[in-house]
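Reviewing the structure listed below.
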Amino acid sequence: MSKVRVGVIGTGAMGTSHVRTLSRWVSQAQVVTAYDADVARVKQVCQEVGARTADGPEAVIGADDVDAVLIAAPDPLHQDLVMSCLSAGKPVLCEKPLATSATGSQEIIDAEVALGRRLVQVGFMRRYDPAYVALRSTVLDGDLGAVRVVHCVHRNAESHPSATSEGIVTNSMIHELDTVPWLLDDTWSAVTMTLPKVADGALRDPQIGVLETAGGVVVTSEVFVNAGYGYDVQCEVVGDAGTARLTPPYGLGFRRGGSDGFPVAADFIVRFDDAYRFELAAWVDSVAAGSATGASAWDAHRADLAAEAARRSLTSGTRETITTPDPPDLYRP
Amino acid sequence: MSKVRVGVIGTGAMGTSHVRTLSRWVSQAQVVTAYDADVARVKQVCQEVGARTADGPEAVIGADDVDAVLIAAPDPLHQDLVMSCLSAGKPVLCEKPLATSATGSQEIIDAEVALGRRLVQVGFMRRYDPAYVALRSTVLDGDLGAVRVVHCVHRNAESHPSATSEGIVTNSMIHELDTVPWLLDDTWSAVTMTLPKVADGALRDPQIGVLETAGGVVVTSEVFVNAGYGYDVQCEVVGDAGTARLTPPYGLGFRRGGSDGFPVAADFIVRFDDAYRFELAAWVDSVAAGSATGASAWDAHRADLAAEAARRSLTSGTRETITTPDPPDLYRP
Amino acid sequence: MSKVRVGVIGTGAMGTSHVRTLSRWVSQAQVVTAYDADVARVKQVCQEVGARTADGPEAVIGADDVDAVLIAAPDPLHQDLVMSCLSAGKPVLCEKPLATSATGSQEIIDAEVALGRRLVQVGFMRRYDPAYVALRSTVLDGDLGAVRVVHCVHRNAESHPSATSEGIVTNSMIHELDTVPWLLDDTWSAVTMTLPKVADGALRDPQIGVLETAGGVVVTSEVFVNAGYGYDVQCEVVGDAGTARLTPPYGLGFRRGGSDGFPVAADFIVRFDDAYRFELAAWVDSVAAGSATGASAWDAHRADLAAEAARRSLTSGTRETITTPDPPDLYRP
Amino acid sequence: MSKVRVGVIGTGAMGTSHVRTLSRWVSQAQVVTAYDADVARVKQVCQEVGARTADGPEAVIGADDVDAVLIAAPDPLHQDLVMSCLSAGKPVLCEKPLATSATGSQEIIDAEVALGRRLVQVGFMRRYDPAYVALRSTVLDGDLGAVRVVHCVHRNAESHPSATSEGIVTNSMIHELDTVPWLLDDTWSAVTMTLPKVADGALRDPQIGVLETAGGVVVTSEVFVNAGYGYDVQCEVVGDAGTARLTPPYGLGFRRGGSDGFPVAADFIVRFDDAYRFELAAWVDSVAAGSATGASAWDAHRADLAAEAARRSLTSGTRETITTPDPPDLYRP
């Protein structure tokens, strides 16, 4: 089994975590080169894992010894970088979002369809979280009977100063927009956003969405990126034969100071540690096998279409229909 | 301290439970008479507590030795029975719903305002549940910061064969429609109902509502009256300084058969046992003191107005505004 | 149903709580008189419930209008007061401990046997806690198969300055010494105490006991009266077909400050609120019926014999046999 | 970074799991050869990961291209195989038990001390479980104040037909005998085993142990290898400033069939999946670095001495002193 040689673009917190996971925990992978605008940072990461520093993203994508590319660069660069990978015929794992608009993800789909083979995987890591995977099996095996409702909660301790009200949909709610159709094997049909009052001019946070699927399931979504107490992702699927939900992550419980409780994870990198590892390994396996796995460009596009409707609903305050076209043949199971 | 002598109308499951609770657990109360259309049943209950059987509801309301009336008769009779109590100038605790329409509760308000004193308490028992009471204190003390969102779940094991889609709002969701304004010291401004697809002609169950308050809080409500696994009421209040929620009721946990779990309460009489006791005692105290407490006719009317909007939304599928008038002076704190 | 007229001796925290519970929540009871060495306190409590203040304990026990006596006086007075009640032929509910030694409880048994009827109930309130009651049913119904092990934890936030190492057995562990034989319908056969090292001269706290029953069940007991975080009673029964345990008390859960947790009860009066009410009501019912219920003098004696063995083991550091004689016929079911 | 080439002896369930984990998840490792008495099985495992099948254990240990040896053979073979590794001067990770007696582990220590460097790591995987690691940090950082008590529960669904009463100590309780001294940075001083009654001739299961440490901490241990409901490991450390405990593993919770619960892991390979991975990676890293990590031969010997005392106590029914000699210099931090 020869190694899959990976080139990485972007070595911020997420990219650095991926480089380390690939190098230490994914035997089949070897990180051969990386690029980041922050030269000092990328040098340090590369040294740590024995990779060479690249001069720019094209030097990563174009390198002869790079079999596959991992993109963890700033969001606005994703689309162009993925297009470059497609031009180079190289498999690519791109952190979400795949593009900053549904038009963008459509362009990628067009390019990939033109190529005639799937090269793009999108970094929706929840699909690799063990409990989400078990939840999906439970749902698709019919253990819960007919699914009627899904309740989702996504909370961060604190948002980045640059966060925008629309960005909460694009960057955070986007996870539910991908995960739920995957959990249910269903597609979106409508979304209505309702926003609690906040101070004038303040970030519209939290945001409540009610989504509907083509199959008639109703999904509630709370995204609250300044919840203060930590990073907390909840999901309960309600069927007519029972409900199933994620339990709190494993760790320590403390009885002290008048309280019986347990600490909440600080961020997603800690919380989805195993999910990221399984995601990277599955990607590397698929590259080695010449196949594709995980969330596709079409899955990302489906989420983008829902996100655009959700952003429209932020403004309109009303129910917005989501029209999801049939996927191109390339993306059919 | 002389006893408050109570007459009871309706000795079905709820009424019988109230008679027993009053007789056994509320020292200040004495049940002196009761009426029910089922003569055998009311005889047995009366014998149990040493009360006499009444020939009809008016014989209860009109009896000289009845200081206060408890109504647990079938829903459609509530309004007229309460009006009779008002005519007789007797304090009355009426199980919800106070009336079957907002027009009905308005008539009661008009009558009570004309009388110039509060005689009506409505049986929204959650206001007496210890954890709900603590939740309210936490919210009003500001422990959670500014409240942004409330999540409510109300599940029954199984609905009565006579249940209707509109009745789910009127009989079940009505609890949230009263409880949340009380929790937040706020009023309703809008509601949007969204319904999962079910078989043609089947009961529209579960029902998802998104409610908005005048203060700008967004409330999600799931009511599912055929959830199968038991009676389960959940509530989480989300503030910008933390969240608080009801924990599962006290009882036993079992580790067996591959699972670590605990049994869920079968019904509301078991689940809200303490709440019913506290409710009855508070009512009896207020009668003895010549004052009023708990949910008023105006509180019930406010919930009815929201319920009517919710029922309209069931049909329209869109957001319905809830206009809550200012309360008459009688109902101001 | 005429009232059971109760006289109360001792109106400290526990006694005052009992007076209020009897007056407000136990319809069948009427507190007619009370005594306490603290005259101001007893006056206030009596005024609150419309009872008269007694000049001394004998004025309570001897009063013609006192049908039954509740003793919540300081522990060293219990035995003599109970003996006086027996002399007067009056039913008595005595807070634990019934006596400060097994010799003491034996004297009470002798007197009660001589009388030929049970008048004494001992205040082991856990027997009335709903979850303990359910736990016992589960065990005795055989739901857990053959019981092998019971794990008990008893923690207080903080001990009284007067607490002694032996007193931890006599005042705290005594609850488990009564509860477990009742849970299992079994008797004690041996106890071994093992004590963590503490600073020289400090209270020997916590204390670990391993107890054995005649039926061959092994029971672990942790008593920690300075656990700091609150009042916390845990119990798990382990059978060869599953385990059952008390779940945490109902209340609020909080997500804030980096933690997901819930507040622990401050003390036993809060924690066992319902248990105390059920205990008092059952006692009053049994007095009205001329029968007896709850923990008997013999039950208390059985616990005292175990406590004496446990105290011997505190010193010897070795396994001490507990010899429980057959109960007199009076105490057989 | 060249790979650490590993030879594996024993490809039963545990050994096969290790081979797969090393090959897939530990980038620094390469499994080059393996041996098992079951030729078909070892062939299949080797083929899966591209390793060659060895003719016998010595062919694994003696192979030029084997840098380090992993032993997952039947327990009675461990000691001799480890001694062979020491003779060959090769690092070895040996599943517990290191030997079947304290004399056996002493011989290994003597040999390792004679060599003058640590080559032996013992497979006490709990030291790598994330929550156990966090628990240890919490304890050693003083967050819980002075530790007084540790409660341990170890339950298996079902024991192997060959299980013996002594084997429950040697194979199961041995985990606590290693983990607790590591958690507390302390050593054992005494153990008392107390056994519930079972049918004549039946396996003595469950077993309750009370252990004492040199530092004065009291440890309760329940081992129950036929608990029926699943594999369940619990640990709570009780200090005078609070307690900390492992929370249930992450997964799904189900509300159905009258119950709110979650499935318990079937076995240790599932339950300690991450721990095994971290253990193997730490071992491989230490081999690469020419150093040693994890549980040493001396740690295993310390646990063996405690296990022998516990087995004596099974028979004697009394407290048995555990004399732990000072470790040879080789094992000092």
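Descriptive notes on the structure:
Letters are used for the chains, namely A, B, C and D, taken in the order the chains are written, and counting of residues starts over at 1 for each.
Just so it is clear, a contact is a pair of C-beta atoms (placed from the backbone, for glycine too) under 8 Å apart; a residue touches a chain by one contact, two chains touch by 3 or more.
The structure presented is a predicted model; accordingly, all values stated were derived computationally and were not measured.
Chain pair with the larger contact count among A-D and B-D is A-D, by C-beta pairs in contact.
Centroid distances built from C-alpha atoms place C farthest away from chain A. For this pair, chain A with chain B, the centres built from the Cα atoms lie 43 Å apart.
Rounded to a whole number, the gap between the C-alpha centres of chain A and chain D is 37 angstrom.
Chain B and chain D have Cα centroids lying 57 Å from one another.
Within chain B, the positions touching two or more other chains are listed as 227-229, 241-243, 248, 254-257, 262. Taken together, the chain D residues at the contact with chain C in this complex read 148-149, 151, 153, 192, 194-198, 206, 208, 210, 212, 215-218, 220, 222, 224, 226-229, 238, 240-243, 317-319. By the touch criterion given at the top, residues 227-230, 232, 248, 254-264, 266 of chain D touch chain B in their complex. Partner chain A is touched in their complex by these residues of chain D: 1, 23-29, 50, 130-131, 134-135, 138, 144, 241-257, 262, 274, 277, 281.
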